[in-house]
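Look for chain A in each of the two complexes below; its partner is chain B in the first and chain C in the second.
The block that comes next holds the complex of A and B.
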């Protein structure tokens, strides 16, 4: 940081390199983001905006189906993030251990990450059909009556969340594999000599030492879960009723209906939610990191 | 007994993975080659007649060759925005890593905001309308650049740290101008991370559904993911064509995946570590 560099005028690293990117990013991302704070306080038809104070937010929090979207967003984000973390870690442990066809299995688990979310959503929606879908047909043959995965209002959100986990667990696994690779085998060797069981090794060595990867997986999947839109839209359109609506789908529905101010208020609520959840989490993690 | 264990666990894992991760894709492929009535049963039976070619032609012909147009549009958006993205983010990552100024802090905060925050869609639409870029390819391309810049810059920034400064200084002594140092010396050395970036970003942009849905409405602007979405309601009685469409949309990422598996994995993990 403090090493002496040539004086700024003669620096071989021209600051104008920032400019084209800064213009595109500033105009198309930052400007709308900042102006959304203003537009969320207006009744707005894209040409004229009339200031109405906090009315949009009041309306948002007084409409049960909008609040439902907010609650669903939290449930969805926590469920998907939790399951991706747990399954990702278990899969990573399995896929770094000495097993047959390891490379192929890693490939298999990761592939859905790259496939079209809409394609996957449609495919699973068909496979989750209450009577004809292969999931329920398979369950029936072993004598279990399958539920209406996407037609049952209490189940729809979780069904979509499961598909989200199916699609995204490969990325979590990959990050955990990178984290596990960084743990020195000496620890395990020493533990074995001391007679630690495999389970003890997992809880006393693997789990604490893989924490940086855990934080990345939890953070990434929480952010992804809070912003989630396309899978939910492809599978249920927020239904049945409003039972699987999340903030992102509420934003889209209000936009389609022409309630631009209300839609933007939804956006601001989503910003706030992400900031409130992710910032303390990162700060807490950084503090723990420093203490150690 | 002990030496058998990897095979036993491996075999069990393979069987479970086959059911969980292979079966859905087999299901898609199977429906795509069936007749309309066979596909509507949504089962795992093999088709009586394999109609791969017929269904393929039917999907391409649908709605006045909309899928052809969609492939053209999606490819155009992907290629142009990834090109701009690579160039701009390499420039930013390079200066950010090399020259420590007060701007770096600002840039870093902006980049992390870009990784975390969802875009404010309606104000963006208003803005695009105002500057005449709503429903245009140019607008869509610039949006993709803006939204994917953060990830790309952070990837470059961490990679550039591994290139010794001595090289820049040697080029400087040889009389190269700053611009030349970057384009002639540094950029060629960034090739591995550039390949990662190209692969990861192309897949993300090609698969993007939400942004074209908002910023690129209209029949003439349709993208591959939007055709799928439109066909979902249109083909609710023609599952064979719907699944043929899904199959076609899955093929480009599959090809990229087969060729660049290693780079994708490297990029996803290093990007994840930074993010």
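The block that comes next holds the complex of A and C.
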């Protein structure tokens, strides 16, 4: 994942060549980023913006549920990212082995990735209904009283996380399949000749050599988990009460209430949070890769 | 006059008539933004049809938007970007004040229809002594819908105090039915026990609204204000609610109280519209009473004002829009809405009376309105401050996650945030 950056002196292209790209980048990315930094310091009603310094940030951090939203965001990101990585790798190993109907099974795993998140959220919300949902009805027939998947405040966040894993594991599997395909079969052949068991092959060959794919999966799913919103909103709207609120849903609620400056401040905080977590993580992973 | 000249004249007048009838004649198209609830759409379509029959040179195009918070966003954004249609429907009261009417809307004080509009309604569309809206629909109230069949079967009578209400609940529960339907999938429905208790709060602390707006009174420090939260907890702790209260929806609640699965459902009387549409054969089984207090002498109704029609300052056809709004806000417009729509409560236009065959829910409201001092507008119409998180907080109290005292404190924080954002003095 390392790249050598071309020095501008050595670049074969003249400077004006970059101008169109720079304009697009400036208008579509740089300008909104800078202006959102400005608006986060104002009391903003979309027509007038009054500068109030860091008051929005102060308000956001004194928000009784920000801390809870922050903790929930981290729990959610780590749970989904961890499970997606583990299940993704296991499924990838299964789906690269010589099993029956491999192509069909691969499609089956990838299918949920293609379906609309809101659609999945609504469907699962119906299936997880405490008395009429298919999950609890099925559990009841075998004599187990099902919990209130989305109405129990300690359970709601994890129920959503599990659905997120189900939906996202296909993408992780796909990346792992690509990573596994890149490992030369020679290693396995040599290992077999030395008498290595299947398990030894997995831990000594597959796991270390699939590291680039692992880094991609963990990074992508961690970022996705930190900023996830649509599934949570479709399934619980942050509820019951505030028990499954994450930063993104807290921000959305501020926006909905018409607190535009405050919600922009929330977005700046979310941006900073993702940068603070992801940046050292990727740096650390990349360095280790270079060392090996 | 020779025959030829006659012919020429006839031809010319025919041409003139043709020109006059062609669409190039000064014809104006007004756009009209409403929310997408079936009741609103029916009323708006009937209004537009009647108005166009009278004024064929004005064409009115109806545009729909979602309701709730999402609709609020659309209205605020379109108003701020100057994309607002010529006439739009929006809430009155505190939500209207958030639109800054003095800067963004056209003054409608001069409309002839205003003379007959109820004085109580005018207070909720007024800013800086100018009126910015005309009423759309009838007033409604917050309280408790009840199933009259269950009441009849169990020999219950309409409770005058909270203790009587809870006693009724125990009897309903003993009879194997749900005593109080709660529907926290649609979180807004959880607020009723708190919001509909405002009449009782107002009776105990008459200055509450003014002090609350001025940051002098708090929910957490006012025992009468805490009652609403305590009611929620009472009902939860007594195990009177439907088992799936956390996942049930607004429509589930209406079904339960209409079909007799549940005896009570705290709700606004605008539910009559959906009841009539979804459970027409059960409409006669649903009655209504105000949320009782601890004192039988204090028994009155918390009233919600209907939304209003407004004209944005950015409209390019202000004169034509004013004429349409004047029509809608007058007696004729009011009658059209009452005829097409479900009546949710008393009319706010003088000379526009309710039909005799209103459903029981509306009939049950009449005594409160006829007696003096038995109604008061809800808090959100007399104070600009209303915290946006109330519905999540009431879900928590109603689910037993949070205690009333803690909830009231939390709500005070939420209100402080909103007041600061509105830039109110003293906060």
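We take it that the second predicted complex is superposed on the first by the 265 of 292 C-alpha atoms of A that agree within 3 Å, B and C clash if a C-alpha of one lies under 4 Å from a C-alpha of the other, contacts with A are read in each partner's own complex, and residues count from 1 in each chain.
Basically, a contact is a pair of C-beta atoms (placed from the backbone, for glycine too) under 8 Å apart; a residue touches a chain by one contact, two chains touch by 3 or more.
Since the structure is predicted, the reported quantities are computational estimates derived from the model, not experimental observations.
In the superposition on chain A, A:105 contacts chain B only, with no contact to chain C.
Taking chain B and chain C in turn and counting the residues of chain A each one touches, the greater count comes from B. Look at A:199: by the touch rule set out above, it reaches neither chain B nor chain C.
When both complexes are overlaid on chain A, the residue A:43 reaches chain C alone and has no touch with chain B.
In the superposed model, A:150 makes contact with chain C only, not with chain B. Judged by the touch definition given at the top, the superposed model places A:241 against chain C, while chain B stays out of reach. Of the two partner chains, chain C is the only one that A:64 touches; chain B does not reach it. Of the two partner chains, both chain B and chain C are touched by A:129.
In the superposition on chain A, contact is made by A:255 with both chain B and chain C. Shared interface residues of chain A, touching chain B in one complex and chain C in the other, are 46, 129, 132-133, 255. Of all the residues in chain C, the ones that touch chain A in their complex are 69-70, 72-73, 76-77, 80-81, 98, 100, 103-104, 184, 187, 243-247, 388-389, 392-393, 395-396, 399, 401-402, 410, 413, 417-418, 420-421, 423. The touching residues of chain A, when paired with chain B in their complex, are 1, 5, 8, 11-15, 17-18, 20-22, 24-25, 27-33, 35-36, 39, 44, 46, 94, 97-102, 104-105, 107-120, 122-124, 126-127, 129, 132-134, 137, 166, 171, 174-175, 177-178, 216-217, 219-220, 223, 227, 229-230, 234, 248, 251-252, 255, 260, 263-264, 267-268, 270-271, 274, 278. Contacts from chain B toward chain A in the complex involve residues 6-7, 9-11, 13-14, 17, 20-22, 24, 27-28, 41-44, 88-89, 91-92, 94-95, 98-101, 103, 107, 110, 113-127, 129, 142-143, 145-147, 149, 153, 168, 172, 178-179, 181-182, 203, 207, 209-210, 213-214, 224-225, 228-229, 232, 239, 242-243, 246, 249-250, 253-254, 256-257, 261, 264-265, 268-269, 272-273, 275. Residues 43, 45-47, 50, 55, 59, 63-64, 125, 128-133, 148, 150-153, 237-243, 253, 255-259, 261-262 of chain A touch chain C in their complex.
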